[in-house]
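Below are structures written as structure tokens.
One chain, chain A, links the two complexes that follow: it is found with chain B in the first and with chain C in the second.
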Partner chain A sequence: MNIFSQELKMSAASMIYWTASIVLFVLLFMFMYPPISKDIQVIESILSNFPPELRRALGMTTLDLSQVLGFYGFLFIYILLIGSVYAMKSGISVLSEEIRSKTADFLLVKPVPRTRIVSAKILSILSNLIVQNLLFMFISYIIISSYVNGSLDTRTFILINLSLFQVQLFFAAVGLFLSVLIKKIKTVLPVSLGVVFAFFVIQMINQSLNDPKLAYITPFAYFDVSKIIQNVGYDTSFLIINIIIIFILTALTYIIYQKKDIPSL
Partner chain B sequence: MNILKRELNSNLKSLMIWSGSMIFLIYAGMLKYSGFAKAGTSVNELFNQFPPAVRSMFGLGELDITSILGFYAVFYLYFMVLAGVHAIMLGTVIISKEERDKTADFLFVKPVRRSKIVSSKLLATLLNIIVFNLVTLLASIIFVNMYNTGQPITDKILELMLSLFIIQLIFAAIGAGIGAVINDVKRAASISTAILLSTFIISVAIDLYKKIDFLIYLTPFKYFPAADIIKTSTYSPSFLLLSFILIISFIAITYLFMEKRDINI
Partner chain C sequence: MNVIEIDKLTKYYGKARGIIDVSFSVNEGEIYGFIGPNGAGKSTTIRTLLALIYPTRGSARIFGKDIIKDGHNIRKDIGYLPSEVFYYDNMKVIDILKYSASFYENIDKNRINKLAEIMDLDLYRKIDDLSYGNKKKVGIVQGLLHQPRLIILDEPTSGLDPLMQQKFFDLILEENKNGATVLFSSHILSEVQKLCSRVAIIKEGRIISIEDIKALQKNNYKKFKIDMGEAVNDDYFNINGVANLVKNASVYSFLFKGDINQMIDKIHGKKINNLIVEDPSLEEVFMHFYEKEA
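Up next is the complex of A and B:
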């Protein structure tokens, strides 16, 4: 419990900054929505005549940018990007920070099994992510609904937003795993940015080529917003794959950390 | 000389990982192209019917995505983002890491002027960037030629790669400047991350909404658009000048602030 509350205290500020930056992002882009939606209505009418393969190649998929949720869906890939960098950063730093700030021998000599330490730290990430997602979903709901004429499709909106949480869990798990696998991580952010952007670029390529095999590599493809809007639901196989990957990586984190050599001062 | 060697050594592993990823990415992309090109001819005709406004929205401009050059140019957009991550993080960390590693008191008591230490570190950054670009260039030339059935495009790749190099120099200089001004490597890396993400997001916003294109000066990703380079084979002189000014001023900031920096031990 002490470890958990200590972790929360240390990470609260950073969580608030990152949440604020995602909110700011949505706010700024929604300012552009009214003028863009007018332009796009014209383009949409042209585009709708093109075959779906072509629209996919253009990265347009079936998102209707003149609709609020379609536009929000288009923005969401970038929200995922920012949110994932945060999740990955949290995942990498939470265990490895002890080594960097030379507090590992202070913590690990306490009469607490290592599994408990890992659990407390994972729990702290989890609570941060949950708070972040709730905050973000609440604020963005207010922002988005102010742009909707009539009522917002709440179910679709929640489904889109919940995909952020799931992709974040993926990257947090990858981060945790890397942090116990690599002997010493000196700076967290370069690694997080590199990995997240690599997956992001794979998704951009996947989007323009629409290769079903490529989609399995990158979590950004697991929750395709245009499909969520269309089906008002997730693709079950990707949902399961994501959970399995998260589960395996987390299990490996426990196993490796149990026997990891921790450098002392 | 020793400092330079030391820096090159400590960045070798990360450089190898980055280079490896770039090679893999280019290979995978060109492999995809071979499949894409076969299905491409009908798509191509449709593309040409696009109104110019739509084309520019996808960042295509005059590009023909089904030609290998157009396809490569789409890739190039993603290289830029990855290259930006690499450069800004390299610059930030190389300047500010001594205090984190508790090696500052070791390094700065040596009979070497601070300006010389900074020079060695900047030189190491430059060499890293050169290698990164050379690897990307060679991989591009080799894999593009492997799948290119039409006109050779090596000269165009060279031109694109040169602008990639300039963009990396800008980001590395910004990173170094931040590393010098901000005393704490963790905060410096956060600020660099914020800058990189913002410049990327701004470039997306400009693609989406042309009326805010005065923001173009804020994002190096937009200084040398691939479509223009391919079409005209020249770089915009005003943006070249702007890049030059940015690089010089951030390097000046780096020297100035390092000279007076309070070293935390």
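Up next is the complex of A and C:
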């Protein structure tokens, strides 16, 4: 419990900054929704000059930008990207930060098993992600509602938003796993950006090529916003794959950390 | 009863040598010295005992329990002071100490204040603003506040001024009087000499000797300096038990371990200008160990 609350104290500010930045992102880009939806024919004729591979890669063929959820869905691709970087950063740093700031000697000589340290730290990430998602969902609901005449399709809205949490869990697990696998991580953010963008690019290629095999290796394809809007639901097999991957990576994190040598100062 | 029992503990970092077949035992209530130059394996041994790193081979027991299997139980009663201390930034000294205290049961809350007073430590300053020496003081208070039965010190005095070192030694001696066992690692022999009853000497990852400090210093070794008044063979004093023989003009100096009468016999009947016989410092004895083994 003490490790958990210490962890929250140290990470709360960062969680608030990242949440504020995605809220700001939605707020700013939603300003562009009214003019775009009004002149959608003009926009589409411009877009039709783009090569179709590029349009598919950017997710512009499957989303209806004249609809508020379609537009939000288009923004959401980038929200997923930012949210994933945050989750990955949290996952990588939560265990490795102790080694980087050389406080591991303080914490690991305390009378607690390492598994309990890992659990407390994972729990702190989970709490941060849950709070972030609730805050973001609440605020973006208010923002999006203000652009809708009539009522918002709440079910679809919630499904889109919950995909953020699930993709974040994936990247948090990848981060945790990498942090115990790599001996000493010097900088967290570049690694997080690199890994998240790599998965993102795979998704762009996947969309562009329509290659069903590629979809299996990137979480951005597991939760394809346009398909969520179309089907008002998730693809069950991808949902399960995501959970299995998270589970395996987390288990490996526990196992490897249990035997990890803490480098001396 | 042995508080620490180390049995052929071996640690390799990949292919690099950490420690090889390290074995020694520390009795309850003892202050045990652990000396050797930098890189000899002192910290590796200590970090293995604390399960910060895992042994490649061998085992060790503390309070009769296995350091790996029962590590977290053993650590309830261990106070550890590393050579360099690091803490979470943006925290006050008191916050760190309270966080540390939260890991132990039955903490006497007054002890933080008492120890801080002895070590002259301001509890309400931020960790970031502390000097190296002051951070060290936080480490000392932090390591002792749960009244550990075993205190492990890894080069503890670096960064402390002489006055603080003395206060620190007094503190350790008092804990020892109250029943705490101490493992004291250092490359500074005079401090080990001051506190410890026995000492393990480590070199290049191996324990090369375990000695009783008093025996090491008083009974065994004598330092001779003889200014000869007549010429003798260069090898004249090179008998069994002599080490570090140096001849400088007519002055022979060396360490001698053995029956002192043997040496008196050698000098007897020779003309000498001057003779000095004294107890060597541990430093000299120690250097002798290293040279002999090299």
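Here is the rule we use: the second predicted complex is superposed on the first by the 245 of 265 C-alpha atoms of A that agree within 3 Å, B and C clash if a C-alpha of one lies under 4 Å from a C-alpha of the other, contacts with A are read in each partner's own complex, and residues count from 1 in each chain.
We take it that a contact is a pair of C-beta atoms (placed from the backbone, for glycine too) under 8 Å apart; a residue touches a chain by one contact, two chains touch by 3 or more.
Values in this document were obtained by computation on a predicted structure and should not be read as measured data.
Novice: I'd like to know which partner A:Ser119 touches here: chain B for first, chain C for second, both or neither.
Specialist: neither
Novice: Quick one: is A:Met10 in contact with chain B, with chain C, with both, or with neither? Answer first, second, both or neither.
Specialist: second
Novice: For A:Pro111 in the superposed arrangement: first (chain B), second (chain C), both or neither?
Specialist: The answer is second: A:Pro111 touches chain C but not chain B.
Novice: Between chain B (first) and chain C (second), which does A:Pro35 come into contact with in this model arrangement: first, second, both, or neither?
Specialist: first
Novice: Of the two partners chain B and chain C, which one touches more residues belonging to chain A?
Specialist: After superposing on chain A, more of chain A is contacted by B.
Novice: Between chain B (first) and chain C (second), which does A:Gln67 come into contact with in this model arrangement: first, second, both, or neither?
Specialist: A:Gln67 sits against neither chain B nor chain C.
Novice: Report for A:Val201: first if it touches chain B alone, second if chain C alone, otherwise both or neither.
Specialist: first
Novice: Quick check on the complex: what are the chain A residues that touch chain B?
Specialist: Answer in residue numbers: 21, 25, 28-29, 32, 35-36, 39, 43, 46-47, 50-51, 53-54, 57-59, 78, 81-82, 85, 100, 186-190, 193-194, 197-198, 200-201, 204-205, 208-209, 211, 214.
Novice: With touch defined as at the start, can you tell me which chain C residues reach chain A in the complex?
Specialist: Residues 13, 43-44, 47, 50-54, 71-76, 78, 80, 82-90, 99-100, 102-104, 142.
Novice: Going by the contact rule set out above, which residues of chain A touch chain C in the complex?
Specialist: These residues of chain A touch chain C: 2, 6, 10, 101-106, 108-113, 259, 261-262, 264-265.
Novice: Enumerate the contact residues on chain B facing chain A in the complex.
Specialist: 14, 17-18, 21, 25, 28-29, 32, 36, 43, 46-47, 51, 53-54, 57-58, 65, 74-75, 78, 81-82, 85-86, 89-90, 93, 97, 100-101, 185-186, 189-190, 192-194, 196-197, 201, 204-205, 208-209, 211-212
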